Structures are given as C-alpha cells and as structure tokens.
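As written, the chain order gives the labels A, B and C, with residue 1 at the start of each chain.
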Amino acid sequence: MSLAFLRAYRFSKLDTPVHRLDPRTKLVMAVAFTLLGVTTLDPLEILVLLLVQLIILTISRSLLMWLRSLRALLLFLVLILLAQVIATGNPLQSAFFALRFVVVASATSWFFFTTSPEDLGRALEQLGISADVALSFTLSMRFIPVIAEEFQSIFDAQRSRGLDVGKGNLWERTRSLLPVLVPLFVGVIRRTYEIADALELRGYGALKSRTRWKDPKFGRADFLALLALVALSAGLLYYRLVIPPLDLSKFATLL
Amino acid sequence: MAENPVVSLRDVAFSYQGSLRPVLKGINLELRAGEFVIITGPSGSGKTSLARLITGLIPNSYPGELSGSAVVFGEDVSKSKIHTLAQRVGFVLQNPENQLFALTVEDDVAFGPENLALPTKEITSRVDWSLSTTGLEDQRQRPPFELSGGFQQRAAIAGVLAMKPRLLVLDEPTSSLDSLAARNFAKFLAKLRSELGVTTLIIEQRLELFYNTADRIIVMQDGSIAVDAKPIAALDFCMKANLDVNYPLSYLFWKAYGRDISPSSERPPSEPMAYVDSIRRKMGEAH
Amino acid sequence: MTKIEILDVSFSYEPEREVLRQVTLDVPVGSSMSIMGPNGSGKTTLIKTFNGLLLPTKGKVLVDDIATTRTSISQLAKKVGIIFQNPEKSFFSETVRQEIAFGPKNMGFPEDEIDAVVNDVSVRFGLSAYLSSNPFDLSGGEKRRLSIASVLAWRPEVVVMDEPTVGLDHQYRVSLIEMLKGFKAEGKSVVIVTHDIDFALLTSDRTALMDDGSLIWSGSLTDLLKRPELFARANMVPTYLSSLCTELLRSGLSQDRLVPVDLASLLGGA
C-alpha cells in the first residue's frame, strides 16, 4: 500500500506543454498553488484552484494517474471528512475542507508527474544549489531501485538459509532482519566508495565549474504561464480581501 | 621515431595503508602508444592494484606506501589528481553499475564532457559519437537500471569514451558476460581499436578471446611481473615455469598436438577439429 | 534421496511479463545437472521455485512429492540448499564460525551438533584456520568457499549453485570442479546454473537448455554435443571445447568416455 503511494509521484515521459515548461516555472506554480490553497477555506477559491489543477492535469495527460493516486489517499480523505463533519456539523463545509486537502496534494502531484528528477536537479543547480547537492539528489534517485533489488536478493539468500521473519512482535521481527540489513548496509557503504571513485574517474571536480548539457531554458510558454499565475493569484487575493466570504453556515440546518 | 611511452613504471612498489604485505613489488613496465596489452594472473596477484596505479586511484583514493617512479602521460601519478589523469586515461571498472550515474544513458554519457566544461554543441557531438560507436543509440533514453549487463557495460564504456581518452584501461570486462556477449565485446574492442587507435590495457582472465590480437601479455604473480612478452612467448614461458595461468584451450591443444599436424606453424589454429585424430590416438581408440 | 519435479511451471512477476513458460523438468537424484542458457533466460527464476522462494503462478513444483505451496521455505531449504550469485554480499556475522552456524541454527540443530558440523565443514573447505576471523577479511576464493560451507553445513541432499564461476579466477574454478566431484561422490544431487558451456561439460552429466523462459531441450550432455544446432536455438555459442567434443563424438569416440569432460586426459595427460 505504501509503495502504491510512491507511484503517485513518479515521472512519466510524455510530450505535453506542461512537461516542456521550465522546471523552475513549475516549481513556482506548485508552491503558489500550495500556499493559495492552504491559506483559504473559501469554497469558491478552492473550486477555482481545483479547476485550474484539473486543467493542468488534463493538458499534461496525467489525470488518470492523479485519480489513481487519490485512491491511495482515499482513506485519509474519508477520515478528514468524518472528523470535520463531527466537529462542525456542517457536511458541505466539511466537503470543501476535504477538497482543499486534495487541491494542496495535487499541486505537488502534477509537479512530479511532469518533471524528471534530472530536470529538477538541473533546475536546482541553476537556482544556485551546489552541483554536489544536485548530484547527490540524482544519484539517490538512480540507486534506489538498485538498493531495493539488493535487499531482495539478500533477503532471498538468507531465507534460503532458513531465516524466518514472521514471528514475534515488531521488535523481534526487526531484529530477525539483521542478517539482511547488515550486509545491505555494508554493501551500500562499499558502493558509495566505488561511486566516488567512478565520479572522479569521469573528471568530476577537475574544473571549478561544469557545463550543463541540457540546461532548462526559459521560453515564451514559461513567461505566459507565470503571467497567468500572477493574474490568477491577483484575482484570488482581490476576491479574498474585497468580497465577503460565502457563508455556508446556513447550510448547517440541512443535517 | 621514438615516442615517449604513454606509461612508464620503474621499480614501483606499493602496500595499502595498514597492510604490511606489498601488493606491488619491483614493477617495471612501459606502455607505448597504440599498444594492446593484457594483464593476467590469479586473484591477489596485483593486477587491479596495477590498474589503479595507472589511473591514479593509487595513491589518491587508496593511500599507502608508494615507492619508485610512476609516470603516465608525462605526469607523476603520486603528484597528480585522479580527475586530471582522467582526462587522458579512461578507466572502466569491473562493475559497470556503479559507474552509471544519470537517469538516462545519454545524460550519463554527457556527464564526463560536462565535467570538462565543454560547450553544449561539443557535448552533443561527443554524446552522439559515443552512442553510435558503442551501438547504444536505441538505448539512449533508457535508465541504466533497466539495461542488461552487456548493455550496462557498453554504457560505462561510452561514458568513458566521451572523454576521448588516449589510454583505455578495462578491468575484467567480460567477467559477468555470457559467452555470446563476451564474444561480441571482443569484436567491439577490436573494432574500437582499429577505428580509434587508442592504447588499450585490459585485465583479463578469459585469455581465449584476446590473446591472439594482443601485442603483449603481462603475467603477474604475488605482486611482481613474472613475464612481459608477446602472447605465445609469454604463455610458453608460463608453461615452462609451471605458472598457474588460465591457459587458452586453443593454446593448450596446440602445445599437446600441434607438432603432429603442422610442425612449422607459429600460431595455434583456430579450428579444434584438426586435433581429433591425434586425440583419439592418444586416448587409445582404434580408427 | 530428495527428488524435485517441476511440472508445467509458469511464473510471472507482473501479468504481462512471463518469466517462466510451462517448464517441465526432473532433477535427477544423485547426479549432477546443469541448467544452461544466456543471461535473462529464466534460469535463476527457475531455481528459486525449488525451495519455495517463488511459487509458480501455474503448474507446480514437487519436492519429495509435496507441493512447494503446501510447505515453508525453511522446511524446503533443509533439503534443497541454494548458493546464489555473489554470495559474499550476504555475509553479516562477525566470525566465520557464526556465519557457518547461521543455517544450522535456523534449522533447529542442537548446540553441540552445530559445533560439530561447523568444525566438520570448515575442515572440508579449508577454513578451520579462519574460524575466528571476520568473513570480510577473507580473500575472494576463501569467501566463496565460506558461502558454500555455510550451505553444506546443514547437509542438504540437493545442492544448487547459481553461476558459481562468475567473477572468480581460474584457480578457484579448478577447485570448484573438485568440490563438485566430492558432492557427487557423496550421493548428493547437484544443479549448476551456468552460461559457461565449458564448465557444464567439465562438471555435469545432464543438462537443460533455457531461452527466454522456456525449456528448449533437456537430456544428456553427450546428446547435446551431438546436436550443436541446439546451442544456437538457446542463443548460445559453441565453445572451442564443445566443438572439439562434438567432432570427437562424430568421429566415433564412444560416449561414456567423454562426459563429464576430463581435460587432462584430452590433452593426453599433458
């Protein structure tokens, strides 16, 4: 169940206008949507933000993936909904509360669907984060499946020597995994040394600065997207400050 | 025209830090431009340590007691940095997995040129050239994790080639390949050498695939060089000295029966069929 | 004597990706068998079904007439010992003694018997001098011997090795051949998964050829040598030695003198 949740944030290689946007633009957009969503309880704002996200998801052809990721969050959503209904006695308001959660989660969702870890690393480098940090980030992503596979093969080997992991309480079961975790850990450390050597053997660190082959470049689409973002945010903020909020408390009597 | 040797080791000795036993003793070795040399010997004989020395991993990444003179492309290895030497010496380690860093093959091949701060156009041209030389164009967008062992190894080589090294060192390149992939690798290496003329040094146990095309074979034993000679001469020496070497079967059969079939031949025939009659005679079967 | 029967076994990790397709095979009791094929042919997946690590998605695997689905991995491991590739990646103990004792301990051997088997097996594999050493301090060949000793310690009747020659030098290969002869002499069934045709020729009587998850052919190695076109079907290349043996058989050499191949006698005792 936990692994399915991770899949909700995986990059998939498609060619859509959203995918082609500069990762920095998308980062700004995602942060903006998150902030806008978190700071409001107004149903109209929430609906607008949800609509915008849905549009982005549709353009980037990740709507289906997003829906699947919601399935993983379903339990959580239901709990939030129930808690709110019990607390306020207002089902409609609670629904919007839960919806807000979806809006905020979706902001990061489409970001990760449309931005490859590589692009993210390059964008971070461009934003001034050191090449070392960006490299550590992409290296970690690169080796996660490798380490997962190594865990499996060590686990297989130890089970073939009679290791039994099912018995006892949580503590006992974790302890019984030591014959798997110890060699895994040792292997990871060893691998780190080898990777460090291999990096140097490819000239990493030879010069003070390095070129970025596929530098994300700001284009017209990015300019337009950011413009639209500014317009949207201005509109929402105006609405928030000037127009009184929709009062849903009168719907409480419907219960 | 006497050119300076690419690698010149004189009286080199080395022990890893914290170890009393020297892994390299009295090493004298010269490598000339364009040569194809094989280093072989049992595990623990110092082959990998020798390769590490030539690439600067010793003493920079593996500190210890180093004596003697080790000069690679005119630079003293002990005073040079790994990444500086890496601009002329390409080292492909035994396990290709840990040498592939990026999330796609083409990004990984670009890694070296990026580190050399080459302009984008140059990087693109090198990446394209590297991928086509190693036959990886169809795999360029794939993540290294999804590649088979043989392809991963090619990707590691492509990454090193993109740095346009003048010396290529490969550590047991065929050790994890099956026989078909190993044979393909040998063909690939021959093609690479004829196209690029790059000086090549390989550490190998599977001599069968390479010994006929190598210029020299260096056999190591217990940290020293037991013999450094042309392939057949080196193997002859090992046989006389009773050294435990992974003798190629074609060589062994030639030694056992060659005189019966072609006494004047200097090289083992590639076809084993020639020996059938002799073997049957030896095994005592009637015709 | 433990027998293993693989009956029309198919296996997939995900619905679209079938890794084993309808494999039917018997592991002959008390003899040595090789499972050959290129990398990716499903050989490792197949042996994982022998001790229940993987359960077939279709068909069944019977070990001594009991389906692997009806028992546990630890029960099956008592009879079927598997040594996977790069076994040194699984070392976790502080001493060689502890590492060897791990298997027998898991299988419920009493304390004094554990000591006995540890000593026994360490003598047999030349490790008695290293019992108190750290496994990581051993040389490559010694590590391999330790991994084999750790499995032989509980005396399984079937020994399975996955690509035992990969990554190690020629000297170790020679000692491994001797080791395998020893297992056979004890009446153990041996299964060696390998892509190295020569090694199979030097150590096994029977073989199963796999390609892309299917069993292409199984039979005696002599029969395989008589039909070298089978190698191509399994995406493998005949070697110098296999071509030579094929020619010898064609020229009328009697079968029982050839396989497993004895290199020394082929070279005329040279």
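Basically, a contact is a pair of C-beta atoms (placed from the backbone, for glycine too) under 8 Å apart; a residue touches a chain by one contact, two chains touch by 3 or more.
Since we're looking at a predicted model, the values are computed, not measured.
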Pairwise touch network: line, ring, star, complete, or other: complete
Pair exhibiting more inter-chain C-beta contacts, A-B or A-C: A-B
Chain centre separation in whole Å, for chain C relative to chain B (CA means): 30
Centre-of-Cα separation between chain C and chain A, whole angstrom: 45
Touching residues (chain side chain C, partner chain B) in the complex: 38-40, 139-141, 166-172, 195-198, 235-237, 239-241, 243-244, 247-248, 251-254, 257, 265-268, 270
Residue numbers on chain A that touch chain B, as the complex places them: 13, 116-118, 135, 138-139, 141-142, 145-146, 191, 194-207, 209-215
Residues of chain C defined as touching chain A within the complex: 48, 51, 53, 72-74, 77-78, 81-82, 84, 87, 89-92, 102-103, 105-107, 136, 150-151, 154
For the chain B and chain C complex, residues of the former touching the latter: 42-44, 148-150, 175-181, 183, 205, 208, 244-246, 249-250, 252-253, 255-257, 272-273, 275-277, 279-280, 282-283, 285
Residues of chain A touching chain C in the complex: 150, 153-154, 156-164, 178-180, 182-183, 186-187
